[in-house]
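Listed below are the structures to be examined.
Next, two complexes with chain A in common: one pairs it with chain B, the other with chain C.
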Partner chain A sequence: MSAVEGIEAQVAEVTAQLPRSRGPFRPRRRPALWRVSIMVIVAGLYLIILLSSIKFSLISASGKYDLSNYSAIFNSADVRASALLSLEIAGIVAAASVLLMLPTVVLVRLKLPRLTIWMEALTILPIVVPPIVIVAGLDQMRETAPLWLVTLLFNHTITALAPFYLIFSLPLMYRSIDTGVRAIDLHTLVDASRNLGAGWWTTIYRVILPNVQTAVLGGMFLTIALCLGEVVLADLLNLPTNTFPVEMIQFANQDNAPGVSVAMTLLSFLFTFLLLFVLTFLARRRGHRTSGVIS
Partner chain B sequence: MSPDLTVAIRGVSVQFHGVERHYRDSTALAGLDLAIEPGEFVALLGPSGCGKTTALRLLGGFDRPDAGTISVDGADVTTVPAHRRDMGMVFQAYSLFPNLTVADNVTFGLRIRRLAKAERVRRAQELLALVGLEGHGGRYPFELSGGQQQRVAIARALAIEPKVLLLDEPLSALDARVRTQLRGEIRSLQQRLGITTLFVTHDQSEALSMADRIGVLNAGRIEQFDTPENVYRHPATPFVAEFVGAMNRIRGRVGDRGEVLLLGQRVPYQAATGQHPAPGTLVDAMLRPEALEAVLDVAGPGEIVERTFLGSALRLRVALEPDTAVIVETSSSSDRLGVGARVGLRVLADRVTVTAPSAPSADSVASVAIPSAA
Partner chain C sequence: MLPFAVIVVAFLGVPLYYVIHGAFSTNTGGFTLANFSAVFSHAQYLRALRNDAVLALWTSIGPAILGLWFAAAIVAGNPDGLLRRIVASASGVLAYFAGAPLAFAVIASYGTLGTVTVLINSLFHVNLTNTFSTASILGVGLTYFYFQIPLMVIFVTPALEGLRPEWEEAARNLGATRAQYLRRVAAPVLAPSVIAATLLLFGSAFSAYATALALDGGTIDIVPTQINLALSNNVIVGQTNVGEALGAEMILIVAVVMVLYWFVQRRAGRWLR
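Moving on to the complex of A and B:
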């Protein structure tokens, strides 16, 4: 699967969770046996891994079943700090990504449609270039860049990672927002808003953003998931503090605490699942308000 | 106007002076000159691509002309951006903000203008009542029919007390019954408020029934700017004649006493160009189907080849010679005016507009132009 297909599959997966307007009535058909079989096999695979992980995370160092691995996580100041740090980075990156990409997509769609293909190409670059290459480039930069810039960027984990995570998030955010913007009558809504006296920022904030909210939330979800899972940059840059995934690796590498690492993975999974659940709930609420015109 | 109506709108004049708008491979407006009086309802009528929507968008500030100026109430607004023009626009597509309730849509422009909430609520109630949607303020756009949505769009456009009301084919997405109903409502609202209105449409019946004056546009220029009656009865150019309603072109010869010899009758004429042709010149007389009468006559020059029942009228296609036919509309419902009947034709109009013959051939005595929109 190419990088583009991979992103599109991710975006499609998230947007598939979103409500759609009801089309014409179609009689319900029984799904084909082969489809059901594939579904069962895939679901079984996921469930086996998930249940095995849960079981493993519940085994303590003494070999008994209890919640000690989980309590170790909540009792560890390092883990709490790394989780908060990762959330902080994810929040900053998600917000910055929306602030950057929403006006850009609107501008390209309204005024510069010929640039669409260039935008597609540009925003795919962070996926095409492997993170390890970026790490190598950053190491080089650390040695040659002016000291003030190196200090500014790399003295704090947030400033070191957020700009690069922002770049990594561009393909996800661009495609999510672009999908949302294409689904609304952008030209008419913008003209109507401007005609009523709204400037560009008011139009983006009060008219466009609420109407592409689902797509923006989808992009934010993918961005947050990316920030919570990215490990190459966070680990290899030797930053002052650990992010959550780096902390997980360190726990896994400790002989006496593999169960804690798996418990952390499951908590991370649960957090992402809850995020998707909230997103779907918000999207459903919005979907009810924008589901067409009574003829 | 209802006694408690507090929306403060005053009619202003609008002028287009030599406005041009060119795109990469086409010209939308080629020197548009148009003067709209305060409180006037003007319709811009023309085929697709004639420049009518471009003119409206230029007045709304959504686009800038390549040449010429646009003035509103005497002030040059050519370079004023859309959000500072105080124009109320109703769009062809449903343009309500889907995330806002009807009341919030109506008060959107007032929020931008930082009006107090109590005043916004009062204005929304007043305007929704004005468009017959009192009690609908809490609904969302998707809960309304297309006609109701356009009513809300009108209320929203009026809420900001605009200088000019711009209507960009607001009825074209609606079904025929609602369209006819809204047509009357918009016109009556415009008259009550006295707001200067520019209405863009390709539907001649809408333009004829609603406007004080109609500007017929063709290839970026005004072909005729006149009252609906004059545009219909005395088209200034062959294009106007053929675009607005069905039009017969019947070959005649100019007489020596200010009349044209037509279907064996002498009929007073006016020249489309303003220059009277010399006596004896062949011309085409432009006659509406209802300006002709078909009279049963076994020795008549015509034969009915098609008969269409229109409800209130009967439309006949009468062949005069091979390959030539005219359209006649009559209120008669006589069954004797059937296909195959021989008829004579009589000109009912007291004056006809003549133009140069459309083709040099003397064999062709009549042709008919019926626009598809007719």
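Moving on to the complex of A and C:
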């Protein structure tokens, strides 16, 4: 046994006798079976579909291994247009959602805490309201509402989808921002800012926003993910142009090229995952807990 | 406050109003209950409702158990570790983005030409497609697991983080075993949050249509499919109003689930804040 190993063994013995402390000095124990087993199950579930999709996306229509599915994505003008359209919608909705929810959450926390439970109830609704029911309602609206309103909303894909995606984004944005705002000393910040002569607009966007940056970004990225994946409204409302996920469905169902759909899935998944993954490092540097931000 | 209220009313309230209004209207706009009597008497609609409820039941309870177990395993680990970050970001992406895209990942794995199907066929000479199709209720349900588990992780992680280590230490000091602590302290504190999260999963599975739309063009026999068929039916007069009535039926069921959720969630707030 070398000297270093001896010291290590000794340290291990001493630390093993120390009372279990929390934080970074907790002695390393063997992970328990109940933890390892579920991690293996879940990792297995997702690795199977991830690896299968990668392999599947690399097989061309003629059965050979190549990158033709990926080049089909980048060469198709329709796909490029749909990707741009989806990113545009995602950007608009994410920005609008922050503009709407940040002042609302701050106001409720500061002045109207009685409304908190109503906000929670209202903002959980879009998770369970069936998108197909929204489609049914809009269908009815198209038949009976005044014509100017119908053309204003449904003549362009962005105006038809963005308002409803904004509703779908409320649960994500509310919970993200609320977690962020709860972690800062809101009263002091607002009082200080107001005493120095700042108006409400300045207070919210130049004092509070930088303090809840990670939470806001978390909400925005989840909103982007949502906009890039939503298909029920985008597909069934019979809109003038296709969004990215609708294009994805058409490759599989109409064009009989599921390989391209799977390649599009992988690319968009990678994009949104990286957005959120980078965010977790940002969150750590600012000393916030990430799990609360992304929820 | 005002802009928030206006937007919720305009873009959530108005579509729901049109559904309910349409459900009680004839195709010329008069009042009727015929749409509802069609919804509750025709065998095809009742079958779709039963299929949807059964599907939502097993795709909420199964993922709830797996998700709770997995979240507990993650929370017990290092809060700043790489694993925690990957799980946090992946569950966000999978839960919110994934209805349709996940369907293609499932096709690529378990579909007719899917990697797993082909692999099993060449290894064991068993053709999975004889017994399992991704374009069936079972296939759709399997896909639901892939976004319901992350959704459960997102919903229960705050509750699990709210379990104080002091409670376990106190219980241990009073002579409790770990099993006793789990059964007498952790389980009662967590139960309302877990039940509430499971109810949300049920609602989300019951309402989902994106997966079915992507997997097979939206033809499996659940309520959203019947709504879609009724809405796009231009042959039978008044059929769209039956679609609206089916929509109203879904709203009603989701509302019941949400009321239950509300009561359970209020209990959850007692210990975990």
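Basically, the second predicted complex is superposed on the first by the 252 of 295 C-alpha atoms of A that agree within 3 Å, B and C clash if a C-alpha of one lies under 4 Å from a C-alpha of the other, contacts with A are read in each partner's own complex, and residues count from 1 in each chain.
By our rule, contacts are C-beta pairs under 8 Å (C-beta built on N, C-alpha and C of every residue); 3 or more make two chains touch, one makes a residue touch a chain.
Note that this is a predicted model, so its numbers are computed, not measured.
In the superposition on chain A, A:Asp185 makes contact with chain B only, while chain C stays out of contact range. Once the two complexes are overlaid on the shared chain, A:Ser71 sits clear of chain B and of chain C alike. Of the two partner chains, chain B is the only one that A:Asn195 touches; chain C does not reach it. Once chain A of one complex is fitted onto chain A of the other, the partner contacts of A:Pro210 are limited to chain B, with no touch recorded for chain C. For chain A, the partner touching the most residues, choosing from chain B and chain C, is C. Counting contacts by the rule stated earlier, residues 289-292, 294-295 of chain A appear in both its interface with chain B and its interface with chain C.
Taken together, the chain A residues at the contact with chain C in this complex read 22, 31-32, 34-36, 38-39, 41-42, 45-46, 48-53, 55-57, 100-101, 104, 107-108, 112, 115, 121-122, 124-141, 143-144, 163-164, 166-167, 170, 172, 218, 221-222, 225-226, 228-232, 235-236, 245, 248-249, 252-253, 258, 261-262, 264-265, 268-269, 272-273, 276-277, 279-281, 284, 289-292, 294-295.
Those residues of chain C that touch chain A in the complex are listed here as 1, 3-4, 7-8, 10-12, 14-19, 21-22, 29, 66, 69-70, 72-73, 76-77, 79-80, 84-86, 88-93, 96-102, 104-109, 111, 113-116, 145-146, 149, 154-155, 157-158, 161, 165, 200, 203-204, 206-210, 213-214, 217, 224, 227-228, 231, 240, 243-244, 246-247, 250-251, 254, 257-258, 261-262. By the touch criterion given at the top, residues 184-185, 188-189, 191-199, 202, 206-207, 210-211, 213, 286, 289-295 of chain A touch chain B in their complex.
Within the complex formed with chain A, the residues of chain B that make contact are 60-62, 81-89, 91, 93-99, 108-109, 112-113, 140-146, 149, 156-157, 160.
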